[in-house]
Structures are given as structure tokens and as C-alpha cells.
Amino acid sequence: MSYQFQKMPEEKVFKDPVHRYIHVRDQLIWDLIKTKEFQRLRRIKQLGTLYLTFPSAEHSRFTHSLGVYEIVRRMIDEIFRNRPAWHNEDRPLALCAALLHDLGHGPFSHCFEKIFNTDHEAYTQAIITGDTEVNAILSRVHPGFAQEVADVINKTHKNKLVISMISSQIDADRMDYLQRDAYHTGVSYGSFDMERILRLMRPTEDEVVIKESGMHAVEDYLMSRYQMYWQIYFHPVSRGGEVLLNRCFKRVKVLYEAGYQFKSQPMHLLPFFEDAVSVQDYLRLDETVLFFYLQEWMNEGDAILSDLSRRFVNRDLFKYLPFDGSVITIGELTELFTQAGIDPEYYFVSDAYSDLPYDYDRPGSKNNRKPIHLLTRQDQIKEISTQSVIINSITGVNRMDYKLYYPKEMIVNIKDPAIKGAIINLLNELN
Amino acid sequence: MSYQFQKMPEEKVFKDPVHRYIHVRDQLIWDLIKTKEFQRLRRIKQLGTLYLTFPSAEHSRFTHSLGVYEIVRRMIDEIFRNRPAWHNEDRPLALCAALLHDLGHGPFSHCFEKIFNTDHEAYTQAIITGDTEVNAILSRVHPGFAQEVADVINKTHKNKLVISMISSQIDADRMDYLQRDAYHTGVSYGSFDMERILRLMRPTEDEVVIKESGMHAVEDYLMSRYQMYWQIYFHPVSRGGEVLLNRCFKRVKVLYEAGYQFKSQPMHLLPFFEDAVSVQDYLRLDETVLFFYLQEWMNEGDAILSDLSRRFVNRDLFKYLPFDGSVITIGELTELFTQAGIDPEYYFVSDAYSDLPYDYDRPGSKNNRKPIHLLTRQDQIKEISTQSVIINSITGVNRMDYKLYYPKEMIVNIKDPAIKGAIINLLNELN
Amino acid sequence: MSYQFQKMPEEKVFKDPVHRYIHVRDQLIWDLIKTKEFQRLRRIKQLGTLYLTFPSAEHSRFTHSLGVYEIVRRMIDEIFRNRPAWHNEDRPLALCAALLHDLGHGPFSHCFEKIFNTDHEAYTQAIITGDTEVNAILSRVHPGFAQEVADVINKTHKNKLVISMISSQIDADRMDYLQRDAYHTGVSYGSFDMERILRLMRPTEDEVVIKESGMHAVEDYLMSRYQMYWQIYFHPVSRGGEVLLNRCFKRVKVLYEAGYQFKSQPMHLLPFFEDAVSVQDYLRLDETVLFFYLQEWMNEGDAILSDLSRRFVNRDLFKYLPFDGSVITIGELTELFTQAGIDPEYYFVSDAYSDLPYDYDRPGSKNNRKPIHLLTRQDQIKEISTQSVIINSITGVNRMDYKLYYPKEMIVNIKDPAIKGAIINLLNELN
Amino acid sequence: MSYQFQKMPEEKVFKDPVHRYIHVRDQLIWDLIKTKEFQRLRRIKQLGTLYLTFPSAEHSRFTHSLGVYEIVRRMIDEIFRNRPAWHNEDRPLALCAALLHDLGHGPFSHCFEKIFNTDHEAYTQAIITGDTEVNAILSRVHPGFAQEVADVINKTHKNKLVISMISSQIDADRMDYLQRDAYHTGVSYGSFDMERILRLMRPTEDEVVIKESGMHAVEDYLMSRYQMYWQIYFHPVSRGGEVLLNRCFKRVKVLYEAGYQFKSQPMHLLPFFEDAVSVQDYLRLDETVLFFYLQEWMNEGDAILSDLSRRFVNRDLFKYLPFDGSVITIGELTELFTQAGIDPEYYFVSDAYSDLPYDYDRPGSKNNRKPIHLLTRQDQIKEISTQSVIINSITGVNRMDYKLYYPKEMIVNIKDPAIKGAIINLLNELN
């Protein structure tokens, strides 16, 4: 039998708290899991700095990737198989794309990417198609298979149905991470009835649709997603951790560019400083490596770098205040911080974040989102917000929030009473 | 109010999947949690290499330590308070000892300790009584308080009741880790009715006893413990990870002692090589640091070190076989491996492990275990195995298991057919 | 100590799947639980006919009542106590009202009440203030205490704070039943973070308010409520069971009024037929008694009564169709059923139901609903829909649904092909 | 396609808290579920009087029967299918026997059977093979099929493999009820890893065996069973409910035989009094009917009957004391009760109960139990207690317990001080 359909003599399973067991019978999947590039995902936390707020959120992208694979496998083997719109020769493509969709994530992705101009989606593609163990295995299927997998993850593949299984507003990726992140943080918000949603999914030529009797289950899923964003992912304390980390990376880059002599040279970061990063350079980075350097930087002579890295490592976070996003406020405070001798570049950070719980592509809309489609009993396709009052109420509604971050004790220690008073007054007005 | 009884204006909580919330109202506890020594526990996994088998078992000693504190807090505030045998002035001592009991754990404790002769219990004491942030805070209670906390953890304190809350055969430590490890591995074995056990615990002058109506709940707890040991903690695959790590550390130490020039000097380990480790040296080590070096070693010129570290990092584990512990078998195979040019020091490992699910100190017994005592309705104290058929059946029953570990593909590649055949025959006989 | 504050020597607990344990320490509460009127709630299902759709939903109002008591007890003992706005002398009043709030529920409340003009709220009052064991116990507190408890349940008591703990849009009643009904049906929709909501509840003179940091938890609770209504409580199959039961009761009453001679006289129902019901008559009714008669009626000579009761007992439900509520459609079908010789009074039922997930009293609004109030960090009170986009979107939005019920096989068996065809055509248009 | 393999156009599901969903695709199974005999199981509680102790334990034999069916369906469709020892033409037989195995259970089985000499196993057979809806459906498969199903349930069928799926020491029946009863009582004891056990079950010609890697999961299952027996099923309070009910039935039978004129004749029981019970008579009985009569009896003139029935209905249970089973003690107390004018036949009950957690048929053993067999990696069959220390320790170990039940306040009210004193002394000695 050709490699992509080859079964192992006995099924392998992983114990998993979300799906109970993850089942692997395909040799191809098993071989991919054993690659060093996939094993590297064990050293990258799924939720970055969120463990600073939710201490049990220490799980990695490795288990999430297995979970997405398992959901796609169940979609195919339990629901789609034997339905006319599903072509089972696409099974290896769907399973590989599901398993590998996060392969290019780096350590503390969001903070790191902003400073070093890396892009995890581009690296996912580069790892899959480059000179890697993963590529060697995919290429055993056929020479163009690795590129096809990358295309599905990039959403450029011609098979829109397979893309929608992994990347849509109700896909295996989101269904896994909402449940998994809820499990590991210990909150109840991420719960929804995935079993019912799976049972009611139907393949069409272009996308996965959901039978209309599943409308309430989808409502519940979208609300879980909304709650997870605002209660967990956007938690201001953990964003405070990101703020610190971001400023650390910024400082270290600035120092390097200024010719600073590090006591301990951050070898792994040099290609990033020089903007000449190979796939192998990228793969050498993970959170254990960054944490090694963060701890080294605590001993550097540069006061800002050593302070920021110490704060992050020992969780001595900035204080935060909600504010209305006003540019004037930020301007005034930036000026006052500077006068007080506190560098606002590193010690005064405004953070904005927003979420669009559900939307779809309409004339004039900026996003590029595919709608969630229901399948009626008369086999018609209807966009879900036309059927659900609840979903209609949140469709296209963007919510923004702003926070200011600064080190409280530095304000307290400002010598000049006028400047100190002015800062405190401005901050009090925000509160 | 004196520091050890000072409450914060508002309670702080941590979301926790095992206890729902961990409640902190005491300033002393809050201050200890914020120390860098306690925060370091976030970088040490509770279950070492077990994530190689149970991929979600990525939780740290940080959350476990909070959990033990929470259980002891509930014992005191919900059950013991207002009972004559409990003296509430011991509350700070009990809470601090609970929180800090694992403070001296190092990275991958068991493997590391064996090679470098460190002892996490001694380091717990050293950190608590040495020049650390934790010590500074404890000393604010009174000058001898840090030593008292260390004495409770060391089981040398005169207050046997407080010791038994944290270190006995049914203590807060075990009750937390069984549940927490089960939660994160995703297995059901760790479940028992802690609420009932807590409700039925009674303080006496010497120890915590359990009302006899809780006997079945204790049986269930001991069985959970037994199952967790044999199904989770002793899982042969994850012990295979320990075997590899142990041989890595051994190799690196041997190389250092032989004057090997490392491409990248493992600075943090030098004090351990030299057996001149300060508390500060010890505290600088954590799993992110060791993982950094493990990845560096993959590029070292020494073939054994680079192979072993690559195997560990990329999870290319040894194969294992059960065997009967026979020294003769080991001797024969060791000899054959040597003849085949495979260094048995690193590539042929026999591993023995045993567990005594419950026992107590009797004349001639080697352990030093306090019995679990039941309190009858007539206020008599009875050792539990005299009351429970199930517990009686496992009391003092030691179970041993043996495994052999070796790299399967090295055997396959042995050139000399006679040696290869002899090895394969011997291994087949074991299976 | 006076009776209402008297504690039992040892706490009693009930094992409960929702709250783990229900704790009773007050003699007054224990005595109330032991009364025959409270024990009767074991024989009345919490969810009436819902077990016909969700087979495990067989739990009684007894456990729900204990659950509401437990939540109010925790509110008081864990959150309110020691806060200035809470007066602990109101504790017995609040606990008794919580425990007894459903005391007047009869068997299959909704169907029964419609036919026999009984009102469970009036009966709750009558049982509490009448000649009952419950009244005797409450009167031991002081002569007017029973009336006070009834007034809280009736929402006429002057203590608005206590009322709001038991009857508001986020009260102990709803928090218990959402979780309990979800547990017993086996669905995930009823989950929300009650622990967080409780922790953030604050008593004021007039009501319970919630700290604004709990806004998302309240959103999640309101969404759980919405989902439970549309996915569980309004499930069309179980409403089909209610439709049948309602028509059974109607038929038996019509027959009695027409002088029909029952083979087995329904003794317990005579006072209801005659509209001369005493409290004792009412208390003799429960679901075991009604089920006894329903099974007797299967053998009655009246074809309609025997058919309807057989259908209910053996779960041979009517078919249902969604429709738009059009009076014209109903009129046409009623006429056609009559022509076909199928009595539309019993065999053609239109059912409308609606839910208002959240609203508050505004000029012109028909409801009498108190808003949910948030407490800001500046101690201001704000109505929740002004703060939450999600809640704002559902505030005052009433959703209606309509279903038609009829016995499918009777349509199939209509002799006259023209009438049969006309009915089938009309029904097909609806679908 | 022949009826027994006919699939419905779309799968039907029941929501179930234990198995999430119960899946029905076979027309045969769906038709059986709709019969009145199967629907009757909704009116018989799974755990009889246990709700008096664990108030949420109100679930019926209906959901348990569906659960056993679902487990057998999964065994076949997920594990056995395509293995040589499994013959898929036995699937309908196995599914029907699983679904119907409890069909003959009557109301409060254990109490009722003792007094009226009925036997639920004989009635299961009688209902399946008699003139019933169930029989009509089974006979559509082929004329002898109903008898085959009955033979499997009776363990007389020649297909030992199918029997062992439903009736053995590790069968679908036990695996369902342990989990289901734990869920509804709210205890944690019933949890074990059914998924793992299912995955490791293998069919042989004679029985289901379990791969040896599942040994610990079986240990855990047997311990769950042991705990559920001693902590839940044998709970002395709920056995006190059985004691009362048993004495009620005894009294009503004695009265009938003595020609007592009931105010309200218990029509449904007359065939039982006369020992002339037809299948139809038996099927008319359920717990709603018995509860109707129990409430009627509260108003009967016979003081013993009205007292006992009132006690049961209103949960005014006897007090209980543990004792050593001594016949002498019982004799002395019986005599003293008689002297005090309290009829010991009804008001002084000794209750003995025992459990054998695991055993197998050996020369001289009284039970007729098949061992649990493990399948080794070398395909050998080994009895489990030879492999497991834990199971070996409980094999064949019978544990007995004794309780005495009596009405406490009747003792208190004895007029003669000598007799009263003597009784109280004897009871105190027991305690």
C-alpha cells in the first residue's frame, strides 16, 4: 500500500485530558510526530506568558497540535467518510495540515515577532518545504505533497473544504484550543458541546457546514470563544508579562545595534539581530533557550535590560490601569515620565487589544472571514447570523480595550514633587 | 498586628484546576510567593521526564506547592480551628512549611541528584536558612522562624502534629500531587474523595488521625496512590527518558573530569563538576538552563554525549524489556555489548523500581513510616490495617519491577553476526 | 440559645453532585427537612416531562430545594457575613425561604395548573401558613415567622435584600437549577463560574449587586440560561409530552363534568374537579399518584382518554412541526381535522413559547423585573446592559417559537382522500 | 436486508451523562426501546431506596439499560469487529440481551421479591418469551430469537462469549452501573478507566479476555466496585429504608391473609397475595403504583401498617446499630421487645450483608463465578489473581456486616423501667 495510506500493525495512543485518547494508526502521522521539528513544539508554551496569571497554564503547542489532528481525524473517520462530498484521498492532506499547522511558532510568538519581524506562518511554510525531517517524510508521499500541506495551512490550496476544516471560524484548531486552554487554566468558560457540533458537521465541495439543528451549539461555541478572549487571553496581568518581554527584546536589540558588549553573548539571537535567519537558526530557538538568556541578562551591566529581565523572570510585573485610548493622555504622560528620568520607551507602555467574536466578509469590511453556514432541513445554506438573534447581535461588533502599564514603585520614588504629583494626578483621573 | 498574623485588605486568589481557587489572605504567604526562589519553581516540572509519555504532564512544582499550601490552609481553617488539640498560633508555621516544602527541588531532580550528589532536602533547608529572599521574609516573623520551618520540612521539629500535616502517609503533599498529576496526565486513577478525608481529619497532640467512618475513603486514597505509582510514575517509557538523561549527565561529568574541551562551556554546571556548590549556584539551575545545555551538547564532538543529548531532546528513546532482575543476564549482556563495540556504561541500562503502598514502623522494618491512625467512635486510636481487609492485604508488601534499556537500532547494526545473534537471543528469552 | 440560632452538636451533610456536599448545622433547617411536606418534594420531578427527551432528567424538586438553601447559606456564611449591609439576624429568614421556595409545586406543575386553576405560588404560601408540620416548626421561631418566610417567597417582604437572594435575575434558585438540570440531562450548557459570581456578590440595603470584575461571569451565566431554555427546557419533544398530559387532564375533567362513570374513581382528583381543594387535598397529590391514575385511565372505556393516557405512559408522542404562529393555518387545519373525524380539541395542538433572557423594568415594559446591578471600583451602581455589549444585545429581546402537534398515524389513516390530501399539503407547506 | 441488520436512515441518539451519547442505528433496537415493557423501566429506580441516603440517586433502570446496550455496542463496533474470534452475526443477539437484561425487575426489587416470592430473572425470561410487545419484535428476527435472547440473559445459551459480555465479573452491566450510580449519587468512587478496559478487551471463543497491559485498569475497576458496595450500596441508612419497606409488605400480606378489610383495596397486589401472578399482572406493577398504595396505607386502621408506611413515605427511619451477628443478642432483645409490647416481627430487625469483591470457581467454592482472564503478550491466558498482588489479596475474601434496626422513640417511651433499662443496656453494649 502506498505510504500515505499505510497503517501500523497496532494503533498507538496518547493519553489526553481533552480528548481522552489521541489515536494514531497511520504510519505517516506517526513518523511526523517523531521528527525533531515536531518534538520542538514541546518547548513552546501554547499560551506564552499566560502562566503568570493562570499558573497551571503551562501546556505546550505539542499537545494542542495533537489535539487538532485528532479532531480532524474524527471529522473524517466518524462523520465525513462515506458522504458524497468527501473524497477520502484527501485524508492524508487534511491530517498532515492539522498536525503541522503550528509548526512555525516560535518562543513567546507575539512578543518576539513584533521585535524581530519574524512571522510564524511564513516559518511554518519554510519548515515544511525546507531541508527538514518533516519535509523528508512528507516528500515520501509524493514530491509536491509538502507544498500542498503548506498551501492548506496558508489557505491558498484549491481544496477549500480541507482548508475550512483547519482554518475557519469554527475549525478544529479553535475547537481544540478553547477546550484545552480552559482545561489547563481551570476555568469553565471554554466548555461547549463539541460532540454535537462534530455530529452535525457536513462536508460540501467548498466548506464544512453545520446542520441547522446545531445552531444553539454553535452559539454556545462562539460565546465560549468570546469569554475565553476577554477573561483569559486578554487578561491584563498576563498582557503585562508580554509588555515586559517585548521591552526586554527591544532593549537587547537596541543594545546590540549600539555595539554593547554582552557579558554572555546571546549566540542564538545573532541571526535575528542581523536579520539573516535560516530555517535552522529559527528552529534552534525555543522557550528554554530564551529563558536561559533572560536569566543571563539579569546580570548584564545595562540597568534597563537587567531590570526588565529580572522583572519578567521573577514576575515583578508593571502595574496597569484601564484608559480610554486617548492619544493626548499618552502624550502628556510620556512627557512627564521623560522629565522624571524614567525612559518611557521601556517603562510606559500603552496596550490596545480588540476582538471580533464573529464576522464575515462584506463589502467594505476589512477582514477576510468566511461565514459560518448552516444547512437547513431543505438543504439550503444560510449564514448563521441571519438565523440566530444572539449571533446577529455580536456579528461585526468589534470591542476594544486599552491599558497603560508602568512600574508603580518608580513613580513613588520620583524625586521632583511637582512631576510626581502631576503623574499621579493624571493616573488617578484614569482610574 | 504582628507580621505572621497580618491579613491583606483583600483576599488574593489563584485559579487552580484542582482546588478551583487557592486563597491567600495572609501577607506573609503572599510575600513568600513573590520571592524569586519560589517563582523559580515555575521552571521545574513536577513530573520531570513524564511528559515524554503523558504529553500533557507539563505542570510545574509551583502549582503543586500552592496546592499543598491550600490543603493545609483548609485543614486548619475549616476543620482544626476551635478543636482543643489545635493551637492556632502554629498556623503560620504549618502554612509556610506547606508552601516551601519543595523549595530545594532542582531540575529533573532524580537524575541530576544521582550524578552530582545533591540532595533536594538539604537544599530546601539551605535555601530557607541561607541568604535568600525567602529567608528575609521568614525572619521578619522572628529570628528563629526560618529554622523552625526548615525543621518541620525535615521532620525534626518537636511539633509532630504539624509535621504529620505535611509529611505522613496521608498528608497534604500526597493529596495534592495525586490529584494534580492525574489531572494533568488525564488519567482517572488519582481521584479520591479528599473532601470527605478532610472533613474527617482530627488533630491530636502527635498527629492527624481520621475518624473511622472515613476508613473506606482512606482505602480509596491508598489505592489511588498505588495505581498512580504503577501506571504513571513508574511508566517504563518515561523512565526511559530518565535513563537517557542520567547517562547524559554522567557523560558530561566524565568528559569534564577527563579535561574535555567543550565547544560551549556549561558555566552553570562547573560548581557541580567541582563539587563546590553555593546556594546561589544551585538556585541558578533550572530546567530551562539544563535544556539549553542539552541542546548545545547535541553539537559537541563527543559522539556519546551528542547522541545521548539528541536522543533525549528529540525523544528518540531506548527500547525496553522487562526482566527478572538476574545479575547473570546483565553480566552476559554487558560483556556482549562491549564485544560489539557499544559502550554498556551508556547504552545498556538496567533499572529497578519498587513501591511499598503502605507500611508502618515495626521491629525489623527498614522504613521509618508512621502508621495511619483511625479514631473510633469510642475515641480509641487504631492502626488502619487492623481495621481494613484491603489495606491489610497491601501492608508491607513491596513490589519490585525491572527493566532493561538499550538502543534497538544499534543492535540491528552490529556487524559481527555471532555477537549480534547472541544478544538478540538473550533479549528474546527475556521477552 | 433561641431556636432559630440553635446549632446541632454535629453538622449533617448530604452528598450532592452539584455542590459536593450540602451542609446543615442549624436545628431549624434540619427540622424543616424532616417534615412530610418537604419530603413530598421527592415525589415531584424538577423537570416534569423532560425525562421523555433527556432520559436521565429524573431528579426531584427535593434536591433542588436543598441546593438553593446551600447556595444562600454560602452567600451568607462565606461572603456577606461581616459586611455592613448584611444583618445576620436575617439569616434564618433567608435560609428558610430558600429551602421552602418550591414547597407548593404540584405534580407536572405547568400542565396541571392550566387545567385545574391551581397556582403553586399560592399553595406555597398556604402550606407555609396553614396547618402543617412546616408551619409548626416555623412558628417555634416566633408567631409571625411563617408569614415572613411566605412574604419573602411572595416578594412582598420589606427586606428587599433577602428577596433578591432568592428571586431575581441572578439568584440562588436559578444558579442551582441551571447547574443541576445540566448535570442530570448530561449537557454542558448549564456550566458557568458560580464560585466567581458568589465571591463577587455584595449585599446592599436593597439587593445583591456584583462587583464589575464579575461582568463576564454574569454574561456567561445569562448565556447558560439562554441556552438551557432553548436547548433543554423548550425542547419540542418534551413539550410534546406536556401537550399530551394537558389533553389528558382536560379530557378527564370534561368527562367528570359530563357525569362519566369511571371504572376506577380518581379519588384524589375529586376536590380539583369540584374546585374545592384544601391544603391537605393538595398535599396528597404527587407524581406517583397521578401516574397511578394515568395507568388506570389506559383501561377506561372512553377512547380519547385511554388513547391519550396510553400515549403518555408509553411515550407514544405526537409528531410536531414548526410553524409561524399564523391563526389562519390553525383555523384551516382545525376545520379539516374535524371533517376527518379527529377531535382537534385533543389531537391538534398549537404550542407557543417565548423567553426573555434578560430585561428590566422600564416605562411601558410589561414585566416586573429588577435589573442586575454591577458595583464599580468607585462604588457606583450600574445596570449591566449599559456595560456589556453582549448583554445589551439580548436585553428586552423576546424570542417566540411555535409548534403544531398532532398524531401522525391518525392522519395517515384518514379515509377521505380529499381531506387527507388537504391536511398533508398544509402540513408540508409548514415544514 | 433482513430485519435484524436493518439500519434506520438516520442515527438516533440519547443524551447520556455517562456515555455522552447513546447511539442507535439499528431498527430492531429502536423498536424495542419503544415498547411499553421497556418504557416501564422508567418507573423503576435503579437503586431502590438509596435515594433516602443519597438524595440525587433517583435515576431509573431505563437509562442503565440503555447504557449497557451502548457499552456492548461499542465493544462490538469499536473493538471486536474484524477480529477472528468475533462473529458479527451475533451482534443482534448481544445488543438485544444487553438492552433487555433488566426487563423483569419489579418495584423495589429486593424487598418485594423476598415477601412475594417473585424472581426478577424469571420474569425477564417470561416477558421476553410471553405475549408482549417485546416478544413480537424479537420474533420478527426469527421464531426462536426471543428464546435465544432469554437464554443469554439466563446464561444458558451456548455462546459463552456473548454471555460474558453481559454477565461476568467485568461485564457491560457492571461497568455501566458503577459509573452511573457514582454519577447520580455524586461520589467519586465509581470512576475507573473504562476506555482503557474496552480498548484492551479481546474476544475468544469462550469469553472476553483482557490484554495484560490492562491489569492495573482492572484492579482499579475491582476496587471501584468494592468501594461502591461498602460505601454506597450497603449504606446502613438506605438499608434502613429497605427494612421498613420489607416490613410494610409483610404486614400487608399478613393482614390480607387474616381477612383484614382495607379501606382502599390494593387491587394491583391481589394476584401477588394469591400467588397467581400473570405476566400482565407483573407488568402493571411499578414504583408509582406501590407508592400510591403506600400512601393509602398511611390512612389504614391497622396501627402497624399505617405507622410503617408513614415512616417509609416521610422518611422517618429506624435507628441502627452495628453488632457482631450474635444470635444470643437477637434472642434476648426479641424477648425484651415482646415484653415491652413492641412487636419484634416489625420493629426489631437484624440485617446481614456481605460481599465477595472477586472470586472464581474452585473445588469447594459455593459460588459459580468465572475468573477474569488476562491475555499475555505470548497469547497465554492467565487468571488475574495470579498476576496481581492487589487482586490476589481480595480473592475469595468475603466480608460480612450486621446491623440491628429499631424505632428509637418507641424504646424511649417504654413504660416499664426495668424492661426499658434492660433494652437500653443491651443496645449500649453493642455500640
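First chain written, first letter: the chains are A, B, C and D, and each begins at residue 1.
One rule holds in what follows: a residue touches a chain if its C-beta (ideal position, glycine included) is under 8 Å from a C-beta of that chain, and two chains touch if they have at least 3 such contacts.
Heads up on the chains, UniProt names are A, B, C, D = HD domain-containing protein.
Given the structure is predicted, the values throughout are model-derived calculations rather than measurements.
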Chain whose Cα centroid lies at the greatest distance from that of chain B (HD domain-containing protein): C
Chain B (HD domain-containing protein) against chain A (HD domain-containing protein), contact positions shared by both copies (same if over half, else different): same
Approximate Å spacing (C-alpha centroids) for the pair chain A (HD domain-containing protein), chain B (HD domain-containing protein): 32
Centre-to-centre distance between chain D (HD domain-containing protein) and chain A (HD domain-containing protein) (centres being mean Cα positions), rounded to whole Å: 51
Chain A (HD domain-containing protein) and chain C (HD domain-containing protein): spacing of chain centres that average the CA atoms, whole Å: 43
In chain D (HD domain-containing protein), residues with contacts to at least two other chains: 20, 187
Chain B (HD domain-containing protein) contact footprint on chain A (HD domain-containing protein) (complex, rising order): 14-18, 20, 34-36, 39, 42-43, 51, 54-56, 58-60, 62-63, 66, 183-187, 264, 267, 284, 286-289, 291-292, 295, 313-316
Chain C (HD domain-containing protein) partner contacts - residues on chain A (HD domain-containing protein) that touch it in the complex: 187-189, 191-193, 216-217, 219-220, 223, 226-227, 230-231, 377, 389-390, 393-394, 397, 399, 431
Touch list for chain C (HD domain-containing protein) against partner chain B (HD domain-containing protein), complex: 13, 20-21, 195, 199
